[in-house]
Amino acid sequence: MEEGNREEVAEVALNDVVDAVIERAPYAQGKVIRERRVEFSIPAEKLRDFLRVMKESGFEMLMQITVVDWLKEGKFELVYQMWSVTHSTHAFVRLEVQRDDARLPTVMDIFPVAETYEREAHEFFGIDFEGNPRLGPFILEPREYEKHPFRKDFSTLSYVKEIYGEDFDRYDESKTNYVI
Amino acid sequence: MVMVSNLEVPRELRKEALKHDMYLKPISEDTYELFFGPQHMATENFSIILKMDGSRVEKAIANPGFLHRGFEKLAEQRPYFTNIALLLRICVPESDVPENIYSMAVDELVGWEVPERAIWIRTVVLEMARLASWMFWIMGFANEIGLYTAGSWAAAYRERFMRLFEELTGGRVYHIYTVPGGVRRDIPGDRWLRQLGDTVEYIKSKLKDFDEILFDNYITFARTEGVGVMDRKFALDHAVTGPNLRAVGVPYDVRKDDPYYLYPELDFEVPILNEGDSLARVLVRRYEMEQDLYILEQLLEMGPPGGPYMVQDKRLKSLPRFKVPAGSAWAHVESTKGDFGAYVVSDGTHKPYRVHIRGPSQSHGITVLEELLRGARLADVPVILKTLDNCPPDIDR
Amino acid sequence: MDMARIAEPEKVKAKVSKSFVKPWLGVKYLFKRPVTIKIPFEKIEPAPKYRGFHTLNWKKCVGCNFCGQICPARAIEMTWLELNGKAEKRPHPKVDYGRCTFCQFCVDVCPTGALGFTESYMLTTGGSEEDFELYDWVPIEPDKVREINERFGDWRFPVVKVEKLGEGRIRYHLRDGSTFEFRILGYGIRPPAALRKPKSAPAKTSKAGGSGSGTKDENAGKREEKTQG
Amino acid sequence: MDEMKIDENGNGRVMEQENERTEGYDRLSYPLKEFKVFEPLFRWARKKSIWIITFCTGCGGIEMPPLMNARYDLERFGMMPNPSPRMADLFLITGYVTPKTLKRIIITYEMMEDPKYIMSHGSCPINGGVYWDSYNVVKQLDRYIPIDVSIAGCMPRVEAVMDGIMEIMRKVERGEADGWKRYRDNYEWYRRNQDELFGKGWRKETARRWLKWL
């Protein structure tokens, strides 16, 4: 009984947080997913503005920038994941960009740590973050960097065969069809 | 093959030698660049390129990528359960953490209520992993500041946990134990629980000796006090988590702020300090070690609840083709390095659509390290690296 | 944050005190028993049910390829074998220790319990191509492995040498001096061309093969030519 | 570049830049002179003082500290970790190797003085391990550098590593650990494989694409 009450109270408090954010940024849609998880979706061009609003409303930390490659839809979904120490809440800020011409403004002046995340997203998916001076080969060597290996249309097995030859498998040279 | 047969190498050839990388090379009149790692004990397969002015670091560039295996890509091509055997390699000293975050996220996607017994075992495994990881950290840190005795002890005591893991899970370093829906094996019996209790007692008694030789040691204070200072705003901006964040006075601990497993029922303290230097980070870690022992004691007192250790689900009969409903989930746990999280996207098939792991070293090892190294002495570089507890595999993945 | 019990800085700091004298107390460890295990004079037993090398009960194995499907490293290859001049009715797994991660998911999913593992974990070889043949392992009967383990007790790989006799025939020289000979006929879920009679592929086997089994068929045939050539 | 001050007594003994054909030989160290009479004595001495280079290249690196420290104590065998490639004898490839690391491994290996030995840990250096389809993991390490001893496991237990090390010691005493000789004799082959993987001229290519940010 008491547990349930506490959860309800938490939910109400979270709703207030979401409402406060949306009041300042009316273009965003927000909802509470469950306890300690909230979600916003915003248009891509409002990104910098919205993250500034988020930072001011208590979401101090940018935990990571996840890129999901929706190949069929021709879109990249970017999820800016933030943690609020004040509200103890995790927020997903979702936005979409076109896959063939993916560019976004950098947010590294709002969250300096975004520099690393953006370098990573650029390296693995080829998204351009305008204003980030350090985009380029970061974790990968230049040869793999060119391929942007986490894109869905990059086939790692055929790349392995291209680089290491068909006999990359020591014991079965004709192992061409792999099922996992 | 022609070989030079004596030590007299012509002057022109030596000039040629300096053209190659890996050699000290002047950038301007006063500064030169120094490649620090990956062949260095402190860096563990991680490289920093330092612009040096004498013995002072003018600028540092982190150069990760020596351990990149493309886990997130590989995980998209393997079934859900199989991925456990893959993803745990993201954090080698604490391999249970990636197992657990991934399993938690998949549990949430499927909507499983994990059995109580499995929850208990998972909590114990996580805490044991934390203690083993602390021991590993003590070893690295103590060796880095030259107190090899403490390091040697820690390496030996870690073996006790390795043995317990071996008996519980069947693996020494890579346990491959926590799977979505529960755990893979039951506890081997009461003997194992007694052994765990003994080990906790033993480590607790040894903590005093660690205090004497390492934490109370004048040398530790001399090497770490005032080295690599960061403040609260900097830490929050750079998404510093874990003991590094608590050392600047922010009491953020995932076990308290986003409780999972049995942690809401457990009684433990979150230590904070305000200095934000290397010493503060060391002391916070020392206090947390004590708290982890206390948590394990409580868990043992609680005892494992009865019941199954794996969720009962008919779909699990065809494990390789097990389908997970579409959606996305984020789960994170508190590791010794910081906030470790996994974001799993499913499109309703038997393989995940996207898995993104957030390693705490992604921020500690790149931007934070680069900023803290600015202006430090070369001799302090390993100390800063070790007190940040930078773990390269979770940067590279 | 109300839930959190925070240890304030004063409390954390009170736990330690800067000292010149205390480190000297470590000297007492000079008079304690060392923790060192003096390998090779002493030895440690691996824990019971330590995940080591595979064994296979050839009679029980039904060739369902569940092990091959769950394997994260794709180390398991279904192989058609001939033992004592008689072809096995179902394919059996062949494990490649150049890939195996010893997760033993394959053992977990095995529906008949044919695939198992022992605590043996030690396989030390040189670096030549001949030595690497040892890492390609058609698991043998668990009883044999257990017998060898009990006799030697050092948890080594049961095979010391792999001899290739041509035409896919392979002879394992086991540690106790005995040999084990078999012949590899082909790979894949479907039987290789030599074994295939009209309507010989049972419906159950092809179902277990999953989506890839169609192309596997040609593959197996190709592979067989290679083995025999 | 030419104005650089070069120390007259500096460590110039590394290099040899003979002609176009031998490009890359520069990093090879001096050939070992064999004294036939004293060879057994030398082998025994080498066996008892194998120094390990502190370059742990993968997950297996985590088993190195227990090996070196109190519990397993490799120093009983006269082994010790050493940061300088010039003074080291044994290279432990502790796990999978990415191309980026392999470049450093080759350079470090070539900087080591003869005789030198390589021991590879676990599945990954043999056939790619669990990363068999990863675009960034080298599949068969023995194509790029010679391996003297390899051990199975993922990861190998410490006892297995100790067994491998004792195998190395046996081989050194019997003179069978000849990876460095194989590397010298088949240098063209190894070199061709390395060039195929990294592209020609990778040794000359500077690793200093970071420099613009310094």
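Each chain carries a letter (A, B, C and D) given by its place in the written order, and its residues are counted from 1.
Operating definition for what follows: contacts are C-beta pairs under 8 Å (C-beta built on N, C-alpha and C of every residue); 3 or more make two chains touch, one makes a residue touch a chain.
Everything quoted here is computed from the prediction, not taken from an experiment.
Where touching is counted per the definition, the chains common to chain B and chain D are A, C. Among the pairs A-D and C-D, the greater number of C-beta contacts is found at C-D.
Chain geometry summary: the mean Cα position of chain A and that of chain D are 39 Å apart. Chain C has its Cα centroid 28 Å from the Cα centroid of chain B. Chain A and chain B have centres, each the mean of its CA atoms, that are 22 Å apart.
Chain C has residues 1, 35, 46, 69, 71-74, 96, 98, 101-102, 132, 210 in contact with two or more other chains. In chain A, the residues that touch at least two other chains are 88, 140-141, 149, 156, 170-171, 178, 180.
Residue positions 70-71, 100, 126-128, 130, 132-136, 154, 157, 213 of chain D each touch two or more of the other chains.
Because contacts link each chain to all the remaining chains, their graph is best described as complete. Against chain A, in their complex, chain B makes its touches with residues 64-65, 68, 70, 72-74, 77-79, 82, 236-239, 241, 250, 252, 257-258, 328, 330, 332, 339, 341, 343, 345, 353-354, 356, 358, 362-363, 366-367, 395-396. Interface of chain D with chain B (complex): residues 1-2, 4-6, 10, 12-18, 22, 25-26, 28, 30-31, 53-59, 61-63, 65-66, 68-71, 81, 83, 85, 96, 98, 100-101, 104, 107-108, 130-131, 133-137, 154-155, 157-158, 184, 187, 203-204, 206-208, 210-211, 213-214. By the touch criterion given at the top, residues 1, 3-9, 11-13, 15-20, 22-23, 25-26, 29, 35, 46-51, 66, 69-73, 101-105, 108-109, 210 of chain C touch chain B in their complex.
In the complex of the two chains, the chain A residues touching chain B come out as 36-37, 60-64, 66, 68-69, 79, 81, 83, 85, 88, 90, 92, 111-113, 115-117, 120, 124, 138-141, 149-150, 154, 156, 180.
Against chain A, the residues of chain C that register as touching in their complex are 1, 68-69, 71-72, 74, 77, 96, 98, 132, 136, 187, 209-213, 215-216, 219, 222-223, 226.
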